[in-house]
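Next come two complexes built around chain A: one with chain B, the other with chain C.
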Partner chain A sequence: MLSKLNRNRLRFAYLMIIPGFMLMAVFVFYPILYGLPLAFTNYSVVDEMKWVGWKNFDRAFKDPIFIKSIWNSLIYLIVVPIIQLISILMAILVNNRLRGVQFFRVAYFVPVVTSMVAAAIAWRWMFQGNGILNYLLQSAGLIGKPISYLAEADVALFAIMCVTVWKGLGYYMMIYLAGLQSIPSEMQEAARIDGAGRAKVIWYITIPLLKPFVLLCSLISMMSAIRVFDEVYVMTAPLPGAPFNATMTSAVYTYEKAFRDFDFGYAAALGLIVSLIVMVISIIMFKYGRKGGMSYYG
Partner chain B sequence: MAEVQAAFLETKSRRITKPRSFKRIVKPLILYPLMIITALLCLGPFLWLLSTSLKTNANVFAFPPQFIPRPISFNNYIKVFEFMPLWHHIYNTVLISGMGVALNLITCLLMAYPLARIQFPGRNTIFVAMISTLILPNAAGMIVHFVTIQKFGLYNTYLGVVLPAAVSVFNVFLLRQAFITIPNEMEQSARIDGAGEFRIFWNIMVPMVRPAIATVVIFDFLNFWNSFIWPVVVLSDKEKYPLAPALQYLQSDFSFNFPYIAAGTIISIIPIIIVFLFLQKQFINGMVGAVKG
Partner chain C sequence: MARRSRLTAVLLAVVMMMTMVLAACGSNNESSSASNSAPPTGSAQQSGEKSEAPKENVQIDFWTLSLSPNFDDYINGRIKKFESENPNIKVKWTDIPYNSAENKLLTSIAGGNTPDVVNLNTVLALTLASKNALVDLNAEATEEQRSIYFEKMYNSTALGNSAYAFPWYLTGAVFMYNKKIYEEAGLDPNTPPKNWDEVVQQAKTIKEKTGKYSFVYTNHILADLRELGVPILNEDKTKVMINTPEVLKHAKWVKSLYDQELIPKDGVTGKYTYNIDQFQAGQMAMLMTGPQFLNRVKENAPDVYKNTGVAELPRLTQDGDIVTALMNVVIPKLSDSHKEAIAFANYITNDESQLEFAKVVNILPSTKQAAKDPFFTTEADDPESKAKVITAKQLDRAYDFTFGLNRENDIIKAFNDEWDKMLLGQQTPEEMIKAAEKSMQEKLDAINAEFK
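For the complex of A and B:
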C-alpha cells in the first residue's frame, strides 16, 4: 500500500506534468508522428486528402528547382568551416587579460542578439550596386567595376553566406572561448618553450585541444546552414530565391510549396528528404569527428 | 644536482622575463588594433545603417559616402512612424514575447520538477519519448502546427503564435538537470517543517534553480522577439505583426525610400541591444551554457 505521503506526491506529480505534457503531445510528438504519413498524401487546402504512395518523392526527384535548392543548401555548408576558423581565431584574440577586453567580447556578440531580419536589411543596403561595400572595395583597389551582389547569379548565394557567417561568429566565439578557458595552458606553454611559433601552437596544439568544441559547433552550424531560411527570404524579397533560383535553398522552397501553393503533402515530402540528408551528414560528422586528434578528453 | 637545479632556475627566470616584456609592450600593440578591426567588422553593418538613418535624403547617395552624416537629421525617425504603426508593432512584439516566455517557463518548470525529483509510474516512458524527439526528424513541423492552430480556431491570434513554442523539450531537460542537483536535505527539512508539496516546489526548489531559469528566459525571449516566419504564417492581419515581419514588409513596400527602413530597423534593434547590454553576463552565460550543459 502506498502511504498517504506517497499518494499525495504522485497526485502532485501528475498534476504538474499534465499541462506541459499535453502541449508537448500536440506540438512536439504529434507533428513528428503525423509528418511522416503526410508526406505520402496529396493533402492541400483545396483537395480531399488521399494516399498517393511514393508519388510526392517521384515528383521531388524530377523537380529541377528542388534539386537546385538541395545543391544550394549543400553549397551553403561552406559557411561551416569558415565560421569555425574565424570564430576560433576571434576566441584566441579575446582570450587575454588586456584592459577593456570584455567590451570587445560584448561588441562581437551584438549581431547574435539582433534579429536576422534587421541584419539582412543592413547587409542588403551595403550590397547595393551603389552601396558602401563596392565603394570600400573599389577604393582599396580590390575590384574594378561595382558588383551588384544580390542580382548576379554567381555571386548572390555567397553574398548571403557572408550574412550567415557574420551573424554567427560572436556566438561560436563565446563557445570556443569557454573551451579555451577550460583547457590547461601547460601544453601550449611547453610547446612555446620548445620553440614553436605562435601560429604553429594555435594550429597544432590549441585547435586539436578544442576538438570536442569544434565538433559541437560544426554540428550546430551545419544543421542551421542546411535549413537556412530567414536571411535568404529577406534578402531576396519579394522573389524568394532570386535571381532565377540561384539562391533558392531547400528550406525556402519547402516553405514556398507549403505556404504559397498550400501543397502540404508535397512540402512534407520535401521536408522529409532534407531531414534525411541532415541525418546522414550528422552521422558522418560524428564518425569522423570523434576519430583521431588529441585524446585529452578521452 | 644542485647545479642542474640552479641552471634550470636560471633558464626558467630568463624565460619568464622575456615574455613579460613582450606582454607589456608588444602584445597590446598587436592585439588592440586587431580587436578594434574585428569590432568594426562586427558592428559595421549596423553603424552604417545608423548613419544612413540620420541622413537627409540628399545625402543618402552622396559620393563619396558620408560616414558621419552632416547634417544629422532625425526626420526619418519621425516619418517612419507616419508610414507604419511602429508603436503598435513594438507593443505586439512585447506582448508575444511576454506571453511566450511566461507560458514556456511555467510549463517547463512544472514538468521538469517531477521528472527530476519524484518517482512516478510512466516517468521513464515520458523520458524516452522526449529524448527520441531530439533524434527523430521533425520534417513537417510548421505545416502540422499550422493545421493544428487552424483546427483550434487560433488562426490570426497571438495565442496561435506562441502556443507551438509554449513548451520545449530542451528547456525541460535543462531545468530538470538543475532540479536534480539540489540536495535531498533541503526537501526533507522543509517537509519536517510541515511544508506541502507545492510549497516545497515553489518556495524552496524554484529559487534554487534561478541560474537555469535565467538561461531559459533569455533563450526564449530572444527566440520570440526575433521570430520571423511563424508569425507571418499564423497572422493574417499585417497590423498584428511583431517587429521582424513588419520590417520585412516595410522593406518591400518602401524600398524606394531606404532611410525610413533604416530608421525603422534601428528602432527595432535598440530595445534588444539595451536589454543585452544590461544583462550581458546572463545573456552570454545563458546562451553558451545552454549548449554546453
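For the complex of A and C:
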C-alpha cells in the first residue's frame, strides 16, 4: 500500500507527464497509427484513396532500388561501432583533470551543433576531385591521381559515413563523459592498488561499467544510421542516392517516393518494413548487450 | 519484477523506434477526409454547369515559385489590372520558395485550402496530373485561351488527349565561357566554339595548358537522343526503342569525353550544380545553361562575370528541337472556381503579361505574339542582352522534354542510372544500351499496366 504522501507524489508525477504525453500523442503516436493503414492504400493526398491490400509490400520486395537502399542502410551500420569506440576514447581523454580540457570538450562538441546541411555542403567540397582532401593526400604522396569520392560508386557511401561519424562523435562523447563521471572512483583506485596499469583499468573496469551507456548509445546510433537522410540528400544533390543509387538509403528512398512521386501509400509501406528491421536489430542488441554496469560484477 | 520492467523497456523502445521511422510517413486525418469527402469540382460537366453563370465575389488564390520580393511590383501590377477588368474576382497572391513547393502544395491540399492557380515546373505538373489532381485545359479552357501559346510548349504537359497547364515563362540555353581561361590557354577569347568538335578541341587545349576542366556534359541525354532522331518509344508508347546505332555512337562519344579526362567525374553526380560552382570559382571554362545564371555569376563572382563571354549554344544537329526549362500555371481540380481560375491563369500568361515580364527579367515568353516583339531582337552590349537575343531565336524550336506518360520520371531515371554507370566505367556502352532498354521497358510495362 502506498502512503498518502507517496500517492500524492505519484499523482503529481502523472500530472507532469500528461502535457508531454499529449503532445506525443498528437504529433507522434497518432501519425504512427495513421501510417499503419496508410501502407495498405494508394494514398497520394491529391487523389481518391483506395485500399490496395498487400500490393505495396509486394511491390517493395520486387523493387530493386528499395532492396539496394535497405542493403545500403545496413552497410551504414558500420558507423555504429566506430562512433562508439572513438567517442569512448574521446570521453576518457576529456575526463582527465587537465588544464584547458574544457576547450577540447567544447571543440569536440562543435560538429554536433553545426547545421548538417552546412556541414554536408562543406564536406562535399572537400571530397571533390579538386578538393582539399585530394590536395592533402597528393601532397603527402599517398595518392597519385585525385579521387572523386562522391562519384565513385564503391567509395561514395563510405565518404558520406565519414561525415556522420564526424558529426556524431561529440554527442556520444558527452553521454559517455556523463557515464564516466558516474563510475565510482573507488573501483578504479582499487584496481590500481592491485597493480593494474592504465590500459587494464580502462579495459577491465571502465568499459564494462560503461556498458549500459554503450547499449543506449549504440541503439540511438543504430536508429540514426538506418534513418540517415540529411547527409545523403545534401551530398548527393541534385540526384539523391547518386551515383546510380550507390548511396541510396531507405530513408532517402522513402522520402523520394512520398514527396517526389506523391506515392504516400507505398512510402508508408516502405517505412513500416524499415521499422520492422530496426525492431529486430534492437531486440538482438537488447538480448546481447543487456549485461553491464554494476551487474557485470554481480 | 525485473522481467516486467525489462519488457516495459523493450516495448517502449519499440514504440520509440517505430515512431522515429514512421513519423515521416504519417499524415493527418484531415488530409484523407479532404481528399475523400471534398467533392471534386473539377469534372468537365460540373465546370461546364458553373460556366453558365459568372460567380459574384470570387477569390482566386494564386501561388508562384520564388518570385517575391524581386518581382512584387510586376505581379501586383498585373493582378491589379486583372481585378479592374474583372470586378467580381479578387486575386490573393502567395509566393512560396521553389524548393518547398511540393510540400506546401500537398499540405495545403490536405488541409482543404487548395490554391486555385499554381505556378509549377513541367515535371511537377505532370506528376500531379498523373494523380488526377489538375484541371484538363483541353476540356475546360476555350480554344481562344489555348491558342495563344506555342504548340510545342502547350503540349509539354499533355497526357493522352488532355493538357494540364498553360505554359508561362521559359529560359533557353546559351554558351557562356571564361575569356580569361581562354587567354591563359592561348585561345582567342573572341572565338567561342561553333560546334561540338570545336568545344572538344578547345577543352583539350585548356586542359593541356591550364590543367583546368572546361565543362560538364549537362545535356538531357534522352532529349539528345530525340534530337538525333531516335524515337525512344514506339508510337503507342508500349515498347522502348533505344537499341540503335545512333544511341551507341552518342554513348561512345560522351564516354570518350570522360575517358580522355575532359570532363571531371564529379560532374556525373554533381551535374549543372557542380558546373556552375566551378565556373563561378574560375575553375571551369565553359557553362552551357540558361542565361538566368549570368545573374548569379554577376552577384557571386563579379571578376568571373567581367570575363564572361556569351555565344550561341553548339548543337548536336542544326535543326533539332531545343530542350528548355518551362514554367507553367495549373489549376488544381479541388479549386471551386475553375472558370475564374482559368481566366486568371490565361491572363497572367497572355502576350501582354509575358512581354512585360520579359522586360523586367531575362526570360522568354511562351506566347506567339509576345515573341514577335522587337524587344527580343534588339541587342545591347552586356552579356544578358546578348543572351536574350540568342535564346529568343530558339523559341519556335523550344520544348520541355516529356513522353506524355504518367510517372514518366521512373523511365527517365531508369535510363539515367544506367547511363551514369557507363560514364563511371561500370559498364560498356553496349551493355548500357541493353541494361537501360530492359530497365526502361520494365518501368514502361508497369506504368502501362497501372494506368490503362
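Methods note: the second predicted complex is superposed on the first by the 248 of 298 C-alpha atoms of A that agree within 3 Å, B and C clash if a C-alpha of one lies under 4 Å from a C-alpha of the other, contacts with A are read in each partner's own complex, and residues count from 1 in each chain.
The working rule: a residue touches a chain if its C-beta (ideal position, glycine included) is under 8 Å from a C-beta of that chain, and two chains touch if they have at least 3 such contacts.
As the structure is a prediction and not an experimental result, all values here were calculated from the model.
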Check: Is the arrangement of chain B and chain C around the shared chain A a clash or a fit after superposition?
Finding: clash
Next item on the list: Examine A:D47 and indicate which partner it touches, taking first as chain B and second as chain C; both and neither are also allowed.
Entry: second
Next item on the list: Scan A:A237 for contacts with chain B and chain C and give back first, second, both or neither.
Entry: both
Notebook entry, point to check: What's your read, chain B or chain C touching more residues of chain A?
Noted result: B
Next item on the list: Report for A:I143: first if it touches chain B alone, second if chain C alone, otherwise both or neither.
Entry: neither
Next item on the list: Mind working out whether A:M116 is in touch with chain B, chain C, both or neither, as first, second, both or neither?
Entry: first
Check: Given the touch rule stated above, what does A:A190 touch, chain B (first), chain C (second), both, or neither?
Finding: neither
Next item on the list: State whether A:L85 touches chain B only (first), chain C only (second), both chains, or neither.
Entry: neither
Margin query: Taking the superposition on A as described, I'd like to know which of chain B and chain C A:V280 touches: first, second, both or neither.
Written below: neither
Notebook entry, point to check: Of the partners chain B and chain C, which touch A:F29 in the superposed model: first, second, both, neither?
Noted result: both
Margin query: Once chain A of both complexes is superposed, is A:I67 in touch with chain B (first), chain C (second), both, or neither?
Written below: neither
Next item on the list: Please write out, lowest number first, the residues of chain A touched by both chain B and chain C across the two complexes.
Entry: 28-32, 34-36, 38, 130, 237-238, 255, 258-259, 264, 267-268, 271-272, 274-275, 278-279
Item checked: In the complex, chain A residues that touch chain C -> 28-32, 34-36, 38, 43-49, 128-130, 148, 150-153, 156, 219, 223, 226-227, 236-239, 242-245, 251, 254-255, 258-262, 264, 267-268, 270-272, 274-275, 278-279, 282-283, 286, 290
Note to self: Quick check on the complex: what are the chain A residues that touch chain B?
What the structure shows: 8-10, 12-14, 16-17, 19-21, 23-24, 26-32, 34-36, 38-39, 90, 93-94, 96, 98, 101, 104-119, 121-126, 130, 132, 135, 166, 169-171, 174-175, 178, 193, 216, 220, 229-230, 233-234, 237-238, 255, 258-259, 264, 267-268, 271-272, 274-276, 278-279
Margin query: Help me check something: in the complex, which residues belonging to chain C touch chain A?
Written below: 6, 10, 13-15, 17-29, 31-32, 35-36, 102-103, 106, 109-110, 127-128, 131-133, 264-266, 268-274, 283, 332, 334, 407, 409, 416-418, 420-421, 424, 426
Next item on the list: Enumerate the contact residues on chain B facing chain A in the complex.
Entry: 15, 27-28, 31-32, 34-35, 38-39, 41-43, 45-46, 48-49, 52, 61, 63-65, 106-108, 110-111, 113-115, 118, 120-121, 126, 129-130, 133, 136-148, 163-169, 172, 197-198, 201, 222, 225-226, 228-229, 233, 243-245, 247-248, 251-252, 258, 261-262, 265, 268-269, 272-273, 276-277, 280, 283-284, 287-288, 291-292
